[in-house]
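Per-chain residue numbering starts at 1, and chain names A, B, C and D are given in the order in which the chains are listed.
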Amino acid sequence: MTDLRVQLPGLDLKNPIMPASGCFGFGQEYAQLYDLSKLGSIMVKATTAEMRLGNPTPRVAETSSGMLNAIGLQNPGLEKVVSEQLPWLEQFDVPIIANVAGSIAEDYVEVARAISKAPNVHALEVNISCPNVKQGGITFGTDPDVARELTRMVKEVSDVPVYVKLSPNVTDIVQLAKAVEQGGADGITMINTLLGMRLDPKTGRPVIANITGGLSGPAIKPVALRMVYEVRRHTDLPIIGMGGVTEVDDVIDFLSAGANAVAVGTANFVNPFVCPELIDKLPERLHELGYESVEELIGRSHRL
Amino acid sequence: MTDLRVQLPGLDLKNPIMPASGCFGFGQEYAQLYDLSKLGSIMVKATTAEMRLGNPTPRVAETSSGMLNAIGLQNPGLEKVVSEQLPWLEQFDVPIIANVAGSIAEDYVEVARAISKAPNVHALEVNISCPNVKQGGITFGTDPDVARELTRMVKEVSDVPVYVKLSPNVTDIVQLAKAVEQGGADGITMINTLLGMRLDPKTGRPVIANITGGLSGPAIKPVALRMVYEVRRHTDLPIIGMGGVTEVDDVIDFLSAGANAVAVGTANFVNPFVCPELIDKLPERLHELGYESVEELIGRSHRL
Amino acid sequence: MIKQEKMAVVSHQEIAKNIFELTVTGSLVQEMNEPGQFVHVRVADSFEPLLRRPISVAKIDKEASSFTMIYRAEGRGTTLLSGKTERDMLDVLGPLGHGFPVEAAEQKAYLIGGGIGVPPLYELALQLNARGVETVHILGFESREAVFYEDQFRALGDTHIATVDGSHGTEGFVTHILNALPNDFDTYYSCGPTPMLEAVQWAYPQKKGFLSYEQRMGCGIGACFACVCRTTKSETDYIKVCSDGPVFPAGVVIS
Amino acid sequence: MIKQEKMAVVSHQEIAKNIFELTVTGSLVQEMNEPGQFVHVRVADSFEPLLRRPISVAKIDKEASSFTMIYRAEGRGTTLLSGKTERDMLDVLGPLGHGFPVEAAEQKAYLIGGGIGVPPLYELALQLNARGVETVHILGFESREAVFYEDQFRALGDTHIATVDGSHGTEGFVTHILNALPNDFDTYYSCGPTPMLEAVQWAYPQKKGFLSYEQRMGCGIGACFACVCRTTKSETDYIKVCSDGPVFPAGVVIS
């Protein structure tokens, strides 16, 4: 029997596969399609202190092997998430990773404090890297000092381990990883989207109302994999890797590069059953490759 | 008659289409296929002071809608380029943009001084952004102070206008653009490749011998377009835009975002006739869109 | 229930200029009920194009376990779709969203469609007629070449065609026809470009009306918040076109 | 001259496990001469997969203006290629590179191939025989199921097969056969995996030999420097497999 289990701070995962934040809402929709208890974890949609209506539409645009989005952190707000969305998810046997966002540091602290007390929230994912919010947002993810400090503040109030989600839109991602490590992060999740743009050739206008958006999907996988590989060389923090995962060999690649678990974002839109399918395919593929557990595979590219 | 001409410092272009550096050698190979005089310009392969043998193979790997390369600036060296490759290109009625690279600033200066004297070299493209050379290379392109100073040094010795090629692997490309503008650059070319990686899922080994490589092709177009758009908002310097151009609407998009001309890299490998085909298609597409000249279209996305 | 199924192409033909009629078969059809629902179609196995395409259900045949879509081959995805042949399988996710409430109409309904908004009105007309509701069809197209299903609609009730260039039927938009028609219906249903929906809504403030909206989509099932619109209910209220709609009562959606 | 042409698929069939024989027709064939040249094939109109695939020319029929490739459907690109049918057009760039010098052989030549290195040896065998050179074929495959063109080679000369698992012919590698064969040939030609080329080269230091190499390619025409190898000539000398090769005299390339 191939052992898919992975142990991470706060997270006892049955398997290393989970939907990425923002691509799975709070699970309700995908629960119509399959049993969410099958998932290793669920990274739920970003939660902010107040309800957010997000950006104007169009919010998505297709690109070659990818897509742009500028949802703008639309969410029902902390109160509703804690009183409605998270309790609803308790029916499933799956640890939740709550994605925390805000415009100023105090917002993050407020959300982190409250949401980390929800019984099924086993970890936080601090989203310092959303490219689609005008205030704050992105700068938290590009300045190491700010990132370190924010991590420290969130860590202080959180009842559960804190993972920080890194932005790829930086010169040196290792520097950011080290900064959040110094800030006390228990883990890293990476990568968020690359900042991109699409124009309508007929009019010259940006297709996305917000002008720019975040690029995700298979197109960004080489960048994501490179960053996971680099960060793994410089820190022992657990990494949840993501960026373009759609097939079982993508999971293998991220684990090989040093990710301890793997999140799936855009691929859910292409194939809504992608997460359970990956979970089903993983044991056989590991076996073919001569591995008996996920843990054995993690980081193998660094041991060659 | 649609007017395809574009006037840039040092470059009187018949049309705004040119092959990107490193994807067209020194023209010999493509000259077997069509008349190079048709091209707006040619950005020839990076030239270094001494001959370089580049990186071990494999040097290329395919990715979703893109490819990675780690050629490592292989080239015959300044002397041979000036005595053989450039003179050979004189048979064509096409201005050459010479791509200048090196490990230390003095290398750049040496190459710039000599190569800018070649009669058919009408502009330099200072490659401060190659991700595939170990020494120097990339740091020139990520530190604004170093980039400014290098630009200044090259500008001082060059007999022709100097364009600086920017790297997308930075937190703030506008900062870099401004730095090279301050250094005296006559123009900007952008973008070089995004640093990426591919693993062989069977073995966990990097497919590229150099471990990482530069990502190019349609996958990166949204990132390139966003960067051109941003840089255009902050400088009046001419921009030669590139990144994933394969179809005539990609040319339209880059011009709309503010590029004054467009370079085509990876697409030459997919369709070796892509440059002349784009040149042939451009007048009709401009006409359809209601434009009578390329100049009219440039930057239209900023005027909406 | 929403299903994902590889459905077999039964027939596929160009029925007007760049307009294709595509019938596929599979068990997913048994889940279909409301006219106005849509499916999310994957046009290629490759990642390029990556996203699914939303296409309305134009006709349901439960007995044959098949349903029909009518679409315009326009961009990259739908052009690829138009290359599918009878030996191919099509990856379909559906049925999605909430469609037109057939029980809302009492005696006579106006079905007002524009371009690729026309297809879902066909299944709607079938179901309304089956319930004994009289249907009048007011359909707008670009030009004569783009007109489709005119005979099929005529077989079900009065049918008026407008073309922008006047090459067939009335010249202009559906609103030009509406102006000349009596007000003797109780309910209207409409699907088409947003400006048309606005105009129709504006024309009949007194009537019961149902409008089908379009938005760029990611997931198609309500999870990604790509397809939201604000509503008239409150400053903070919004709907998702994919899962709350695409059909909404008139007066609800701010488009 | 190198041409790019949409060539029509004439026939396409699986001739061994995952091994396909694909014949296409077009004017590009008139440019083909040397056995061992290759073409660069675009397997999809989409950007995914993006790059062309290098495939050797296995048989040239100038009269019919057609040529044949034999390839293994393995990765994403060749698997897509295997889906092409007789109604399809194939985007081919070629002929590329320099092939085997047929004039080098005098009386008797050994043609030594492994796996998907076997195909170019077939056109080579045809041309050598046409010149009156006796050819002996030593061909290695994974297993019985992967063997192809055995009869075709037999019709041209002595043919010896090795399979790794021993399910057909000699068990082991081509070198096991070579050890047992006489040394009475003047020239050898070889194509296959690099370790095989090394072994063959090692076995016959005295003989005239020509080896066909493989490298990952970008452009396929010599412009991108993806496919270089160093040579034995000097520290700074190198060749490009795509345009200087893929065939080189034994002893030149450092692989």
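Simple rule for what comes next: a residue touches a chain if its C-beta (ideal position, glycine included) is under 8 Å from a C-beta of that chain, and two chains touch if they have at least 3 such contacts.
If you're wondering where the values come from, they're calculated on a predicted model, not measured in any experiment.
Trainee: If you apply the touch rule, which chains end up adjacent to both chain B and chain C?
Mentor: Common neighbours, chain B/chain C: A, D.
Trainee: Given the two chain pairs A-D and A-C, which is bridged by the higher number of C-beta pairs in contact?
Mentor: Ranking A-D and A-C by C-beta contacts puts A-C first.
Trainee: What's the farthest chain from chain A if centres are computed as the mean of the Cα atoms?
Mentor: Computed centres place D farthest from chain A.
Trainee: Report the inter-chain centroid distance for chain A and chain B in whole angstrom, where each centroid is the mean of the CA atoms.
Mentor: Measuring from centre to centre gives 34 Å for this pair.
Trainee: Averaging over Cα atoms per chain, report the distance between chain A and chain D in Å.
Mentor: 46
Trainee: I'd like to verify one number: the distance from the centre of chain A to the centre of chain C, where each centre is the average of its C-alpha atoms, in whole angstrom.
Mentor: Computed from C-alpha means, the inter-chain centre distance equals 36 Å.
Trainee: Nearest whole angstrom, what separates the Cα centre of chain C from the Cα centre of chain D?
Mentor: One centre to the other, that is 54 Å.
Trainee: Going through chain B residue by residue, note those that touch at least 2 other chains and give them in order.
Mentor: Residues 63-66, 217-219 of chain B touch two or more partner chains.
Trainee: For chain D, give me the residues that contact two or more of the other chains.
Mentor: Within chain D, residues 47-48 contact more than one other chain.
Trainee: Line, ring, star, complete or other: which one describes how these chains touch?
Mentor: Graph shape here is complete: every pair of chains touches.
Trainee: Which of the residues in chain C end up touching chain B in this complex?
Mentor: 47-48
Trainee: Which residues of chain B touch chain C once you look at their complex with the stated criterion?
Mentor: 64-65, 218
Trainee: For the complex, which residues does chain B have touching chain A?
Mentor: Contacts found on chain B: 63-66, 68, 142, 169-172, 194-199, 201-206, 211-212, 215, 217-223, 225-226, 229, 244, 249, 252-253, 256-257, 289, 297, 300-301, 304.
Trainee: Any idea which chain A residues touch chain C in the complex?
Mentor: Listed in rising order, the residues of chain A that touch chain C are 22-25, 28-30, 32-33, 45, 51, 53-54, 57-67, 69, 71, 74, 217-219, 246, 266, 268-273.
Trainee: Given the complex with chain A, which residues does chain C contribute to the contact?
Mentor: Against chain A, chain C makes touches at 1-2, 4, 42, 47-52, 77, 93, 215-230, 236, 238, 243.
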